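Structures are listed in the sections that come next.
Each of the two complexes below includes chain A, the first together with chain B, the second together with chain C.
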Partner chain A sequence: MAGLELQHIEKTFGRTRVLHDVSFEVGDGKFFVLLGPSGCGKSTLLRIIAGLEPQTRGSVHIGGRCVDDVSSPDRDIAMVFQHYALYPHLTVRENLAFGLKMRREPKPVIEARIAETSTLLEIHDLLGRKPRELSGGQQQRVAMGRAIVRKPTLFLFDEPLSNLDARLRTSMRVELKKLHRRLGTTMVYVTHDQAEAMTLGHTIAVMNRGRIQQIGRPEQIYHEPANPFVAGFIGNPPMNLFDGSFRLDQRDLEFRAGDLTLRVPFQTHDRRGRPPCRPECADSGSATLGIRPEDVTFDLPGSQHVTIAGTIDLIENLGGDAVVYLIVQGQPLVARTSPLPTLRAGDSVTAHWPMDKLHLFINEQRVPLPSL
Partner chain B sequence: MMHRPVLLGGILLAVLGSLCPFLWFVLTSFKSQIQVEAIPPTWWPDGSLVFYASALFEHRLLHYVRNSVTVAGSTTVIALVIATPAAYALARLRLPGKTWVLGGLLCVAMFPPIVIAGPVWQILERFGGLNTHWGLVLPYVSLTLPLAVWILTTFFHELPVELEEAARIDGCTTWQALYKIMLPLAAPGLFTAAILTFIYAWNEFFFALLILTDPEQQTLPVGIALFQGEFIMPWGEIAAASVIATLPLIILVLLFQRGIINGLSAGAVKG
Partner chain C sequence: MAFPALTFVAVFSLYPAMDSFLLSLYSDFPGPERSFVGFGHYAELLQDPVAHQAFIVTLGFVLLSTILELLMGTGIALVVHERFRGRGWVRAAVLIPWAIPTVVASQMWRFLLNDQYGAINAILFGDRVNAYIPWLADPWMAFGAIVLADVWKTSSFTGLLVLAGLQVIPEETYDAARVDGATAWQRFRHITLPLLKPALLTALLFRTIDAFRVFDLVFVMTQGGPGDATQVIQFYGYKTLFTEGRMGYGTTISVTVFVAMAILSLFYVRTVGSKLLQREPA
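Moving on to the complex of A and B:
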């Protein structure tokens, strides 16, 4: 087992730079998720770690060893591909054995490993079959098995669940998590699915346009997004983001976006009796204000709440909860609440949210609001 | 459904049309000399094997068969051994001027043989290649390579790159990935290229006639063509020899048909 460290990785294809100075460290045995929209460079990064693609600059260390001059076969890694890439002319057993044979493991060892792996993944009934005789889920298991059977120091997953239907994806996600707990091997997992990222990762790196946007624990990424991109990418439905301008005075931060005006008081309510403090930023400028749909409610407001009047545009009832699309002071606002049987489209409502749930971004950077 | 009879009729017509000359030869090969020369011609042969015996023993047909097997076999093997890595490289690697190479190959394949006959003859004479099998195999290889490379490039191109990368990660060198994973999957393409190359070399007449003047070295088409004496045209023997010459091709195609049709790469990638 081993950790992974990337130092200042850059990658250009022709004149296009697809990775900008990517650095991070993955601790031994950790589950690390690279999350981002398609085309953000996450798969390229994974391929660089795998040695399938050379980086233009920077270096990759696996288990403390620099592997820049080590080719894929010798990096002691295993990779699960998006399209599984099972060898179609070989049976499941031969697929599992292939990597071990290439490494000249003795036959009894190969047999024992196959038995162990197929029991773990419950694929022993499939060993005699060819990949084309398997269902999507079974192929997925075999692909996973082919990676596990070699006992590599590092696992790489390239969107391994994206070809499965929604139900299977959820159950495989759970199994993958259990698998990681049992194996305890370092895993790097690429996905564009935030639910996978949030549930699987110890650490998530959110990527966009070839840059790491934020690295952190799932709850950090969710509760303290570093910039508007991360804020908008994580969460379902995505965070409400208002682009506008702000002005600080003695007591409040006043935020304007079109017709929408919000006052965020930050000095009057210092609960612990500490001296008043202000956000560390200039007195005025452009800013982005964010609020998660799940933090917007229509119940009676508490004293620390922002209150805002609006009209309901559309309600999507999802059964367990409902997504409400509102227009507040000319701006769209999305709320996710428990179902509201009394509300209809066209109704006027008062939406509100706790002050401390507001996210403020100035110059694309998160500005922590002083505790209220 | 209304088109069905029309379609069937069309298929029948096409099959009959292309098989007709061959059928006539098969029928002729089993006739006797009297039947061959009968006017009006008789349709149904009396099943005589005289022409076969004569072709095999008097005209030493098996000797030509052996020469043809050697020439066509070596041509196929050498052409594929060269074409496979070439096609793999053209399909996979980021090479500058790749399209030019492929286009160039296609252009080369379009030259009529007569254009290069003179130079080929001179080169072979210079290096002592006239009247040798390698002297014939050499031009055959260069003439069949473009087609083989094209066919194989298409096949390699369609195989998912992920498979190769999986093989790399599983510990294969590029060459191991090629012959352990990619070649078995490109088998239908290999069969197709092999058969087309073999058929070309087996049937080729022009260069064979030009380069091989020694009956000891001559291949089937030349051998059969030279059955003709000064005053006689041994139709029956030629027919029998042609049937024998065609049989290996038919057997080959039937044998490899399964390999060609088998969609070996099905299931490689989901979807």
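Moving on to the complex of A and C:
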């Protein structure tokens, strides 16, 4: 087993720079998720870790050893590919054995490992079949088996569940989590699915346009998004973000976005008289204000609540809860609440949310609001 | 709806084939006085030492040229499959020999191999005219020359078929093999070759059948000579029919080649073809 460290990784294809100064560390035995929209460079980063693609600058360390000059076959890693990449001409057994054979492991060892792995993944019935005789889910298991059977120091997953249907994806997600607990091997997992990232990762790195936007535990990423991109990317439905301007007066911050005006109690200085953070030192400027749909309610207002009148545009009833699309002062606002059987589209309502659930971003950076 | 197609096949394929077969059952000289000889010509063919020799030459040509063309073609395909600057130009250039009509290519090789003014002699020996080799006058070298010309001309065709085979192997499969620890040679041996099998078999099928019917190369380059060294079966048939005017016996040779080809094709389609076209049941 081994940890992973990336130092200032850069990658350019021709003139296009796809990775900008990416650095992070993954502790031994941790489950690390690279999350981002397609084209953000996460798969390229994974291929660089695997040694399938050379980085333009920076270095990769696996288990404390610099592997920049180590070719892929010698990095002792295993990778699960998006399209499984099973060897179509080989049976499941031969697929599992392939990596061990290439490394000239003795036959009894290979047999024992195959038996062990196929039991673990419940694929022993499939050993004699060819990949094309398997369902998508079975192929997925075999692809994982092919990685596990070699007992590598590091697992790399490139969107391994994206080709499965929704139900299978959820169950495989659970299995993957169990598998990680059982094996205890370091795993790096690339996905664009925030639900996978939130449920699987010890740590999530959110990427966009070749840059790391934020690295943190899932709850950190969710509760304290570092910038509007992360705020908007995590959560379902995504966070309501209002782009507008702010002005500071003595006690409050006044935020305007179109017709929407909000006053937020805001201290420009903490108790010791220092500004709580740097970006908002200016008295006014542009800002982004965010509120998660699940923090919006239609309950009676409390003292520390933002209260805002609006009209219901559309209600999506999901059974357990409902997604309500509102128009408030000319701006769209999405709320996720428990089902509200009395409300109809077109109704006028008052939406509320706790002041401390607001997210404020100035200069694309999170500004912590003082807890109230 | 099948009627027009069937008519076409009947008029242009079936009728000539049947008529040739009938022709082979009659005595050599056409006209009202020709006589029916049944399978007499076929019996003669079985006893004909020249035909036997021609058959052996043809077999040798088929074996040697097909093997070399598959090897060369695979090599060409592997090279032009790689990404490099000017790959498009190289791909186009590789196809040039194949695009040249065989008669032209054969003529070119005849010039190149000429014993007095041939470019190959000039390159090898320069001014030492005495050392010039009459390539096409030596039985073995003439045979080699025909094989060489065919390999030169047709390798790019097999290359094209193999390239098509290479292109359907997903890049991810190679990535998986690399991560699995396979070296470049192991990837070729355990991934590329087995996955190329359908393409290689297709190329083999086309090339053997094509090589069996070789005629124009021999006609232009050697006229079957020296002696009978390069006399392939089709050329022997042509010579018998048109030079010696033995209509019946000449057609007999043609019909025999036709039947042999039909059997070979059927064999291929049954064995190789079924493997190519059919997927194993799930």
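FYI, the second predicted complex is superposed on the first by the 356 of 372 C-alpha atoms of A that agree within 3 Å, B and C clash if a C-alpha of one lies under 4 Å from a C-alpha of the other, contacts with A are read in each partner's own complex, and residues count from 1 in each chain.
Keep this in mind: contacts are C-beta pairs under 8 Å (C-beta built on N, C-alpha and C of every residue); 3 or more make two chains touch, one makes a residue touch a chain.
Nothing here was measured: the structure is a model prediction, and the numbers come from that model.
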item: Combined model on chain A where chain B meets chain C, clash or fit; value: clash
item: Partner chain(s) touched by A:Pro131 [first = chain B, second = chain C, both, neither]; value: first
item: Which superposed partner A:Arg247 touches (first chain B, second chain C, both, neither); value: neither
item: First (chain B), second (chain C), both or neither touched by A:Gln139; value: first
item: Which of chain B and chain C A:Asn163 touches, first, second, both or neither; value: first
item: Contacts of A:Ala78 with chain B and chain C, given as first, second, both or neither; value: both
item: Touching both chain B and chain C, residues of chain A; value: 47, 50-52, 71-73, 77-79, 81-83, 85-89, 98-99, 102-103, 130, 132-133, 146, 150
item: Residue ranges of chain B in contact with chain A within the complex; value: 160, 162-163, 165-173, 176, 181, 184-185, 264-271
item: Residue ranges of chain A touching chain C (in the complex, touch as defined); value: 47, 50-52, 71-75, 77-79, 81-83, 85-89, 98-99, 102-103, 130, 132-133, 146, 150, 156
item: Chain B-facing residues of chain A, complex; value: 47, 50-52, 71-73, 77-79, 81-89, 98-99, 102-103, 130-134, 136, 139, 146, 150, 163
item: Chain C residues within the chain A interface of the complex; value: 170, 172-173, 175-183, 186, 190-191, 194-195, 197, 279-280, 282
